[in-house]
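Below are two complexes that have chain A in common, paired first with chain B and then with chain C.
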Partner chain A sequence: MKRKRLLRGFLFGYLALVLIFIFAPIVFSIIFSFNSDRFPTIPLGSFTLKWYETIWQDPDVWEAARNSLIVSLSVASVATFLGFATAYTDYRYRFKLKPLYLALILLPPTIPLIIMALAMLAWFAKIGLAGQVISIIIAHTVLTAPFAMAIIRLRLSQMDASLEAAAWNLGADQWRALRRVIIPFCRPAIISSFCLTAAVSFDEFAIAWFISGLNKTIPVVILEIVTGNIDPQVNAIGSFVFLTSITLVVIAQVVFMTRNKKEKAHHG
Partner chain B sequence: MADALVEFDSVVKRFGDFIAVERMNFTIDEGEFIAIMGPSGCGKTTTLRMLAGLEVPSEGEIRMQGRVMNMVPPHERDTPMVWQSLALFPFLNARENVEFGLQMRGVDAVTRKNKATEWLDRLEIGEFAERDINSLSGGQKQRVALARSLVTEPKILLLDEPLSALDANLVIRMQSMLTRLQRELGITFVYVTHSQSEAFAMADRVVIMSHGHIAQIGMPKDIYRAPQNRFVAEFVGRNNIISGRVNSITGKLVTIDADLGQFKVQLGAGQKPAAGDAASFVIAADLVHLTAGKPKAANSIECSLISEEFIGSVVTLFLETPDGSEFKVQVQERELTDMDLKHMGRVFLSWAPERAHFIGDA
Partner chain C sequence: MSVSDQSPQMPSTGRATITPDRRSRLFKHALRLPIVVWQGLFFVAPLFFLVAMSFFIVRNYRMTEAFEMKNWLKMMSRDYFWDSYGLTIGLATLATLVVMTVAFPAAYTLAFRVSENTRRWAVFLLIIPFFTSYLVRIFSWYVILAESGVINAMLGYIGLGPFIMLNTKFGTIVGYMTLTLPLVIILQTFALANIDRTLVEAAHNLGCRPWRTIVRVVLPLAKTGFIIAAVFCFILSFGDFVSPYYLGGSKPPTLPILIIDTVKSGQQWPRAAVVAVVMMVTLFIVAFGGIAAAYRRRLS
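Let's look at the complex of A and B:
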């Protein structure tokens, strides 16, 4: 009994340390974003919203925020659509080269980001698409579609195998069954996948840095500010980015988990 | 042929090299309750899925009211199905589930709601109409599934082992509900099951399938008392099967030489074995007499008791015959208490020739 409690205490301590390790820099960044001193030192200066005002008035930051928003929303829409289409194809059809098909779809996340970013840059330069917002959207879609596919595929694997046939049996043709049964069943996964792909795209730096050219996204602007000088503006932007991403991720988790729990609870 | 609702004409279904259904010929009449029964993998579910258009026959024709249905897609048929898993839509409530089929047929919202409510009330689950599917019990879900299939007023209802997930008491209640419903509606029920008690309790006719073939079609009583072949005899009920050769035939009485001795069996209509033919006969466990002394009956075997299985008023005894095979006897529990079986050791089993049923193919 005593050993068990000791072990529990140890594991809790370990978990706390891991979380501190991950979140301490973010927490400090948020704290310093409200600090009046130019340099991040302790003791802190007075409370200020100066840095937020600076970025509020900075047209470059606005431009980047606008780009990031357009990119992440477009990426989330296209990647989720592609993810659904590929997952449904996998669920519904049997064909000879299916393992190859799956491997090909799930390949992009296994490629090192830098390699992928360079390859994308070379390719876009060749076809005359480099440095545009659309090129970041394409590149991020390639990167995130596999995540969308994995999430929706997991949901489809939980579906009663007769559900779609039941819809046909009651007079729905294939399209109506898809619209009225498959998509509603997958809705939690579709929402999660939309939020997660948006979050990944919103945060992504490496590919965006290589490809964006003059159409910078937020992470690219942050790097540019940091490389220039030490500027607490970065803390303010960082806090904003963190808040956006974490909100999206939490929504994704909550939507997906509650649905599963609800369905499981009544199966006993 | 005017009454035939569905005709299977030499229907074959292959999956790759596997033959699921082989040259199936039978008809389903309008308004009858037909059960298709057999062990798993016998082709019964494939047969049902072909009726619903979920599988396309590899050969032959399926006709409904004279129309060839082979290539008609599922959504253009009027063959609703109650699924083994129920396959209710979890994101819709009970009433919305029932309305689904009507909505697909373009029925307007008011009529839809009225009809759904009417059917939910009829199946005694009106009070759960607005409830989430996952919050209903097994029996309630079953009724929603039935209402969903019947709301479009089809001519035929397909049921794929719908009661297999329910507990025994509920199964009995649902059985009587289904038979009552079928009588009232007067529509055709095609009921697939592996459960003999379900099939026999509800169906007007039973189709027994084995390895994609029809082993026998008939009324439950005929299948129970007069199995046409060894498969049906073994699959159905507590039958004892004895095999041997035909020794002689006198009138309607055939004498069979078996390892256990000589037995007399009365032939059924149309059965014409020849002397020397391999032959078997079936004697049902509940038609055997049990006596302590050697009886004067035409057929008897001396056995020793191995074990007994007690289910309420009926007891099944497992006995060992002189050649080491098992023999089952069913007796009323109260008859048995008079006999003091435990101290008898050996007993005699006997039956009259007309109680046994002759099977041609051994």
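Let's look at the complex of A and C:
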């Protein structure tokens, strides 16, 4: 009995350590952003807001924040639309080249970002789309559409297939059934997908760095500061970036989970 | 589950929905085609162009479309290319072994020792870092692992160190773990949680000792999920440039860093394309090998 308790203690202690390892960089980055030392360590220096003041007054950061906002909102909209259309196609139709069709949308996350970055840099230069905000939007949409597709597909698989058929039988045409039955049912997944794709786009730096030209996004600015030398400004921008993406991801998960729970409670 | 091709022309009630065939086809294609066009133009085309580009030549700092083996011969004959290749494969393999091992006790605990509710919360927590700026997390490690950083300061209190952790393989692996550990734990947890518990109990009842149960019963049952986790871990580590650059010191560079150096300083896009194509071929082999192993029926 004693050995069992020991093992249990060990396993939970281990799990705690792993979680500490995973969250340590996030927590330390936030702590360091309020720390006066140029090279933070233990014991901590005094409390300061000067790193936040520095980035607040930096026009480059503002410009990048504006670009990031435009890019991630556009990416989230287009990727969610494409993801929805693909998820619905997969849910509703069966056709010959379907495995190929699904591979087309699901493969991008398995290709290393650095390879996609080089390929897109060269291709966009060739078709005359280099160095524009729209090029980043296009590239990020390719990257994030699979996430949108996966989330919405998961939701569709929870749907009672007879719902849509019922709408048809009651005289709704396919567009109307889609708008009035399918989309409302998928709404939590659509919201989740919007937040998650926005978060991925907001944090992506490799492709953006290669193709953005002068239209830098926030992660590209961070990458350039980091390449220079140690500068605690990064912690300040970083904390802001963490806060944004954690908020988006948490919203995405909460929306998706609570809706499911409610429905389960309703049925059971 | 799916209503595969169930068309509204066949309503079960008497009322005929007169949706003309043409409209139905329009509906179908309006949903199906956008992604094909989009991914065709912006995903497949760039990759094909990348392969083509590896045969282009650079003359007077300008890239000209051609079909020559020059870049391939040049890169293949250089020792530094093969050094980078060996290093990248070695580091990614090491990272995969370390991450799979480190993740296992955590995934085991989440799969077998906690309630379903706790597991859901743990997965909820583990998803967050996956979508949170990797770049800033690595910068944070850079400061934490430094010679006068947090870890060495803490070790200093108990009279140890300082240890050099930056610009070493250790640093690189810490970075790779930051990238892949949450994902691997999630995939392992799902793989373990899905196995049939009665088989584990049967082994236990028949007197099988815990370790033996894990090796002979649990792991074979969770094989597919574990291989998928390992393949993802390898792909992510193999393609990452941030950890080996900022934490590993980049001497010698890994393949992703080699691509960046070749593009950013040398303007030699075609040679970078050669490196990228070699990387893709390697990853295809690893991925297909993994999938083949995952779905192979057990002999005997």
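Everything below uses one rule, namely that the second predicted complex is superposed on the first by the 257 of 268 C-alpha atoms of A that agree within 3 Å, B and C clash if a C-alpha of one lies under 4 Å from a C-alpha of the other, contacts with A are read in each partner's own complex, and residues count from 1 in each chain.
Everything below uses one rule, namely that contacts are C-beta pairs under 8 Å (C-beta built on N, C-alpha and C of every residue); 3 or more make two chains touch, one makes a residue touch a chain.
Computed from a prediction, not measured in an experiment: that's the story for all the values here.
Visitor: Go through the superposed model and pick first if A:14 touches only chain B, second if only chain C, both, or neither.
Guide: Only chain C is touched by A:14; chain B is not.
Visitor: Between chain B (first) and chain C (second), which, if any, makes contact with A:258: first, second, both or neither?
Guide: Neither: A:258 stays clear of chain B and chain C.
Visitor: With the two structures laid over each other on chain A, which partner does A:36 touch: chain B (first), chain C (second), both, or neither?
Guide: In the superposition, A:36 touches no partner, neither chain B nor chain C.
Visitor: In this superposition, which partner touches a larger number of chain A residues, chain B or chain C?
Guide: Comparing touch counts on chain A for chain B and chain C gives C.
Visitor: After lining up the shared chain so the two structures overlap, which partner does A:165 touch, if you call chain B first and chain C second: first, second, both or neither?
Guide: Both partners, chain B and chain C.
Visitor: Mind working out whether A:247 is in touch with chain B, chain C, both or neither, as first, second, both or neither?
Guide: It touches nothing on chain B or chain C.
Visitor: Let me test your reading of the model: by the given contact rule, A:176 touches which partner, first (chain B), second (chain C), both or neither?
Guide: After superposing on A, A:176 lies in contact with chain B but is clear of chain C.
Visitor: Contact-wise, after the overlay, does A:184 reach chain B, chain C, both or neither (first, second, both, neither)?
Guide: first
Visitor: Do any residues of chain A touch both chain B and chain C, and if so, which are they?
Guide: Dual-contact residues (chain A): 161, 165, 168-169, 171, 173, 177.
Visitor: For the complex, give me every residue of chain A touching chain B.
Guide: Answer in residue numbers: 160-163, 165-173, 176-177, 180-181, 184-185, 187, 262-263, 265-267.
Visitor: What residues on chain A touch chain C, complex-wise?
Guide: On the chain A side, the touching residues are 8, 11-12, 14-15, 18-19, 21-26, 28-29, 32, 39-43, 81-82, 85-86, 88-94, 101, 104-105, 107-108, 110-116, 118-124, 126, 138-139, 141-142, 145, 157, 161, 164-165, 168-169, 171, 173-175, 177-178, 196, 199-200, 203, 205-206, 210, 219, 222-223, 226, 230, 234-235, 237-238, 241-242, 245-246, 248-250, 253, 257.
Visitor: Going by the contact rule at the top, pick out the chain C residues touching chain A in the complex.
Guide: 1-6, 8, 11-13, 15, 17, 19, 23-24, 27-28, 30-32, 34-36, 38-40, 42-47, 49-50, 53, 102-103, 105-106, 108-110, 113, 120, 122, 124-129, 131-144, 146, 148-150, 152-154, 177-178, 181-182, 185, 235-236, 238-241, 246, 256, 259-260, 263, 269, 272-273, 276, 279-280, 283, 287
Visitor: So in the complex, the part of chain B that touches chain A is made up of which residues?
Guide: 52-54, 73-75, 79-81, 83-85, 87, 89-92, 100-101, 104-105, 134-135, 148-149, 152
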